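Have a look at the structure below, then the notes.
To keep things simple, chains are lettered A, B, C and D as they appear, and every chain counts its residues starting from 1.
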Amino acid sequence: MFEAIAFYLFAALTIVMFTITVMTSQALYAITAMAAGMIFISAFFFILGADFLGAIQIIVYTGAVMALYAFGMMFFDTTRDVVEKRTNPQIVFVLGVLAAIMVVAIFVAPVVSNNIQALYPIQENIGNSQAVGMVLFTKYLVPFELAAVMLLVAMIGGIVLAGKKMDKSLTLMNEEDILSMDDGFEPQEGGH
Amino acid sequence: MELYLYIALFAPLVGSLYASLFSRSPKSQHVGIVASGLLFTSFVSSAILLSYVMGGHTVHTEMMTWIAAGDLYIPFGFVVDQVSVVMMMVVTIVSTVVHVYSIGYMDHDKGFNRFFAWLSAFVFSMMVLVMSDNFAGLFIGWEGVGLCSWGLIGFWYHKESATWAANEAFIMNRIADLGMLIGIFLIYWNTGSLQYDVVFAEVGNLQIVVVTWIGIFLFIGAMGKSAQFPLHTWLADAMEGPTPVSALIHAATMVTAGVYLVVRANPIYDLIPNVGIFIASLGAFVALFAASMALVNRDMKRIIAYSTLSQLGYMFVAAGLGAYWVALFHLMAHAFFKALLFLGAGNVMHAMHDELDPFKMGGLRKVMKGTFIMMTLASVALAGIYPFAGFFSKDLILEVGFVEHHYVIYTVLLVTAGLTAFYSFRLVALIFHGEERYKLFGIHPHEAYKFMLVAMSPLLVLAMIAGAFKMTYFQLVMNLLPATQYHIHSQTTFWIMTIGTQLFVIAAILFAYKKYANSGVSVPDGTSKMENSFVYKLLWNQYYIPKIYDEVFSKPYAELSRIAWKQIDLKIVDATVDAIANGIYKTGENTRHIQNGNLSSMLRWMVVGLVVLMTLAVAFSVGYNVVGA
Amino acid sequence: MEITLTHYLVLSSILFAIGLIGVMRRKNLLMLFFATEILLNATNVAFAAISHYIGDLSGQMFAFFIIAVAASEVAIGLGLLIVWYKRTGKIDLDQMNSMRG
Amino acid sequence: MIDHILTLLIFFPALAAMLGFVVANNSMRAYGIAVAFIEFALSLWLWYAYDPMVSGMQFMESAPLIAAFGINYLLGVDGISLFIIILSTFFTLIGIASLTETRRIKNLIITLLFLEMTMVGVFAALDAIVFYVFWELSLVPMLYIIGAWGGPLRIYASVKFFLYTFTGSLIMLVGMLFMAYFYYQATGQWSFSILEWYRLILPENFQLWLFAAFFFGFAIKVPMFPFHTWLPYAHGQAPTIGSVILAAILLKMGTYAFVRFSLPLFPDASVFFMFPIAIIAIIMIIYTAMVAYAQEDIKQVVAYSSVSHMGVIILGTFALNVEGVSGSVFLMLAHGVVSGALFLLVGVIYDRRHTKLMSEFGGLASVMPRYATIFGIMMMASVGLPLTINFVGEFLSLLGFYKQSHMLTLTAGVAIIVGAIYMLAAYKKMFFGTVTNDANRHLKDVNRTELIGLIPLVIVAIWLGVYPKPVLEPINNSVESVIQLMHDKAQSAEAKARIPDLSGKNGITTMQEAH
């Protein structure tokens, strides 16, 4: 009973939050609603017994991702909002709903027909974090390391991209402009 | 003897090649002399072979393999037997005469050397046709004479009418050749060989329906070459060629190839008397049909051409009724007097500066005595007056018809004999008698070269005395052909018929003289009552058959071809291909708008794709489960 | 009233639909990023739920990696966004059409 | 060296073409002639060394390419392919020797030599993949020749040529892959060797599908109605040399492939599809002959006449007896010689007047007598006059098919009539009559360069018409073994009945034994 109440409560909350995120025209509202939604999502994880995932969700999303967005937003003039042309909103909704139904169908089908075998069954006697850790560092070790590298690359990438001199594009500039840039792209003397 | 065979066969080819060496150079007398000399050699060899064959032997050689594939084996094999040697004699005699004559006739022509190249090539092809020992070899000659006929009819290629006639002749012959080819296929698949001896030995074992088809298809081939109805129109148009060509090809030799084929294939036709009756009936019809057209025609050469056609009809009657030796005999006799007639007409044409309308001539006997005598005698022979060649051969055909109880055919042929006499002497009368109408047109006729007349004389002699050889000939060919003697049993009937026929023919001749030899004849201007009658118009327009062919075949074919190209090929077949290509191209062109660079719409398309893919996944898995269950 | 897997999956697909609508509807690049986050979270919920109901940890693993990917994506994505904004002063999707075919 | 003569024949021109890049422009012609001549001499040597009494493959070479999938570099010739190879080298020589093109002659000759490599490769390959590679490669030089030296519509024509034939060959490739897969299923081994495939007896429904797949590739190449429309464009726009090679050799790839693949691999399907294909062939014969008659452009007349003659070849091929198939193989050579010569002849007049419209000409016989003579001889050969090369093939093809169907052969025989109609009409328009167009009054007759190309063709056309035995005999022997193989493999009663059994005859070895 408690579980049901919790589920419906959080479900309603997340749906509302995300709807606000998608629909509002204020960037600030959107980001706030989304941060809230993320936290509510973590509640599901806790209900489902995936404690570790729930923790990660809160830390990564609300801690890191939302912070990044918040910093990112500071770069932009959020007050000058983008004019959103509403072309055929019906199509958008129809497509969204259709896609959702299909996703449900695809997910439900194997579950309903009991076609799924548990590869790594959850052991009852140990905690979730421990179990996750055991699987993660045995079976999923390589993906885990790759994910680590990916994060590193992403971090470096983010730094480099947001760094200086990136406000010029070589592809969008014509040749004279490239040649006349202050540094870095000096033509070789005597080359002509 | 094989040596003589090869000399007889290849001498004309050598002559042709020799002449073609000089075909680009201006006229050189030696070309004509060499070609004629070689033909004379060929004639002498044929004569030697004739004497050899008369001794009861035949010559049969195989030169080399031609086509060998699967079970099919076709050699270049040649046979000189009683039938082919007769044909060889006819061909070499007439062609030698025509060659010598042509030296004079083509004297002023630019294409003198070329003419001899073609003419000798023709003789070679004709010899191959005659001497071959198998159907495929016959077909080589068959097509070869067709080719040479094309080249010679269209010899004056700058004339539109000549080249048109040449093409018409070639194509009409091709239609018939298809029949012939099918006949050959039938023979091969049923007897396993194309050699005459094998085929004729085997043909008796075949089902009669197969033999009938073979006979029909071979005869279709013969119809084309011998210009039988309905493939007859080319022969009259072929008169566009030089006159010696008409004499050699379109009177004496090539057009009789069809008769030769039927005679040669007599073991086949003996088995199928029904086809024989058809051949005879068609022959009788053509005899009358052609003679009727000759009655009103005003073109000297065409009149003689129709007469040829009519005589070919006679030959087919004889061949169809199983009297093969009679057909061959008439073929021989006809070759002599008809070639003579044509050559005489050539003299007249020369004298009249290529004027062909006999109504514009008249009274020429004063200036062209020699020609006058020759043409008159040739016409007498054609009319079948005793004791000229025509009497012996033509009367015999009438007797055959009578003896075989085909009285309708007999009557038709009798009437035709009268018509023949009439139109022949109408021509003679118009040309040589009466007023000198040519003076109105400012023409100064002159007699041909002496040597041309001398060259013609052997034909004159043969036309007069060929009948005397009848029994010798009969003894010769009975070795190979059914030796049926056609005698009317009652002596009285025989005399009544013979004398009656003679009187009838003489009456026709006198009527022709009375009507056309007087001084009142003038150039018809289309106003007289006779010229406006329906029958005259029908005959004058050749029963409208050329016109019908033009309207029913030529024009629709051209139109259909144009439609096939412009409408079907370009607008349907090619357009379909292009439409497929264009469809693909247009799809790309249209869907290019999706790539308008607007990320938002791209995202939408992405979702559409996602939905489609997921739908497919669900649909297939559902379908799979349903089927699987 | 038992909460079954189906409930979670329905919730997940509702969230997913919201995300998709956002993706399609938004012209503001930043908002687009938000929408993608929603999409990712929707699948995460589904993964965790399935993992729970089947009794298999693989679902959680996937969710875990998805979070990692999402984090990287945000880092790089934001970096690019900033570059773009610096260069053009706009973050309007409709004006990013240099890929026009 | 004789053991590797096929490799030599294939790659010598390619190597020579590579070297050709460093040859000076003005000596390129001599270089090209020399290379083509050596190649031709090599092919004659091949003929000399070839044993005409052996019906199977000779001079076989094998080297593994992709061993895991049974793809080998496998070459060999029999009587069927031998003469087409000689024809390819012969026409490359003739084409280069009589070349009148002056623009970028170096590139042209290099392209021609590459083309020669692909042509010889197609006819010598006994591995399906090698065959396919050469088959597709041959498109590239031809595309370049049409596209670079062609007429005003050359881009359209060359792209159409390329895409059309390419589409067809892709379907063929699918067929080949499936065939190899089927072989794998049956034997547990991969093989693309045609000789290995010959041993396989396929179920009839598989045969039908595979036959259809191969058919598309071949039919477009031949080209068979209704896939023929690329041909008039390609011929119309191609330079003379392109048309000559296209008509003489490239079209033969399709018909050759029918004999090499379709017949022995799918005997039952061949019998099944015999009448539909015969009807298509008859449509090709009559319909395209009519279309040819309507043409205004002499080159298009020759182009459509090609399609018409290819119809006879197809008919002979599907006669499925020794007479017909031998005849059709012989007719491939004959048509190569005759249509090649006709295209060269059209090129002669085009070089002088820069137009191909027949209405522009008339009375040429008096201006260019030698030209008219050679044209006349070739026209008569094309019409199929006895004692010319075409007659032998046409006669045998029709004779062979007559065994299968009387009525269809009678209809197909109309070829000899309609063929005469369009050819004579075209000849009359061009050569007869009086010279009406002043531009024609002082045209020069054929010159020495052109005669170098034309005279050998005239000689061949008459020589093989009079004495076809040296060529026909090896063809016949090899065809007999193909037919015997087909008979042995045939399953349905109808196929057994329609394909003759030659095992009673002496000296016939099946392909399997020979291999």
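Keep in mind that, in the parts below, contacts are C-beta pairs under 8 Å (C-beta built on N, C-alpha and C of every residue); 3 or more make two chains touch, one makes a residue touch a chain.
Source: prediction; values computed, not measured.
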Higher-contact pair (C-beta pairs counted), B-D versus A-B: B-D
Inter-centroid spacing, subunit D versus subunit B (mean Cα positions, whole Å): 36
Separation of subunit A from subunit B, taking each centre as the mean of its C-alpha atoms, in whole Å: 96
Intercentroid distance (Cα basis), subunit C paired with subunit B, Å: 92
Centre distance in Å when subunit A and subunit D are each reduced to the mean of their C-alpha atoms: 64
Sites on subunit C at which at least two other chains make contact: 20, 24, 26-27, 93-94, 98
Contacts with two or more other chains, residues of subunit D listed in rising order: none
Contacts with 2+ other chains: residues of subunit B: 604, 607
Pairs of chains, among all present, that meet the touch criterion: A-B, A-C, B-C, B-D
Subunit A-touching residues of subunit C, taken from the complex the two chains share: 1-3, 5-22, 24-28, 30-31, 33-35, 37-38, 41, 44-46, 48-58, 60-61, 63-65, 67-76, 78-83, 85-87, 90-94, 98
Partner subunit B, residues of subunit C touching it in the complex: 20, 23-24, 26-27, 93-94, 96-101
Interface residues, subunit A side, partner subunit C - complex: 1, 3-4, 7, 11, 14-15, 18-19, 21-22, 27, 30-31, 34, 37-38, 41, 44-45, 48-50, 52-53, 56-57, 60-61, 64-65, 68-69, 72-73, 75-76, 78, 81-86, 89, 92-93, 95-97, 99-101, 103-104, 107-108, 111, 116, 118-122, 131-132, 135-136, 139-140, 143, 147, 150-151, 153-155, 157-162, 166-169, 172
Residues of subunit B defined as touching subunit A within the complex: 604, 607-608, 610-611, 614-615, 617-618, 621, 625
Subunit D partner contacts - residues on subunit B that touch it in the complex: 23-24, 64-72, 136, 139-140, 143-144, 147, 150, 154, 157-158, 160, 163-164, 167, 170-171, 174-175, 177-178, 181-182, 184-186, 188-189, 557-558, 560-562, 564-566, 568-569, 573-574, 576-577, 581
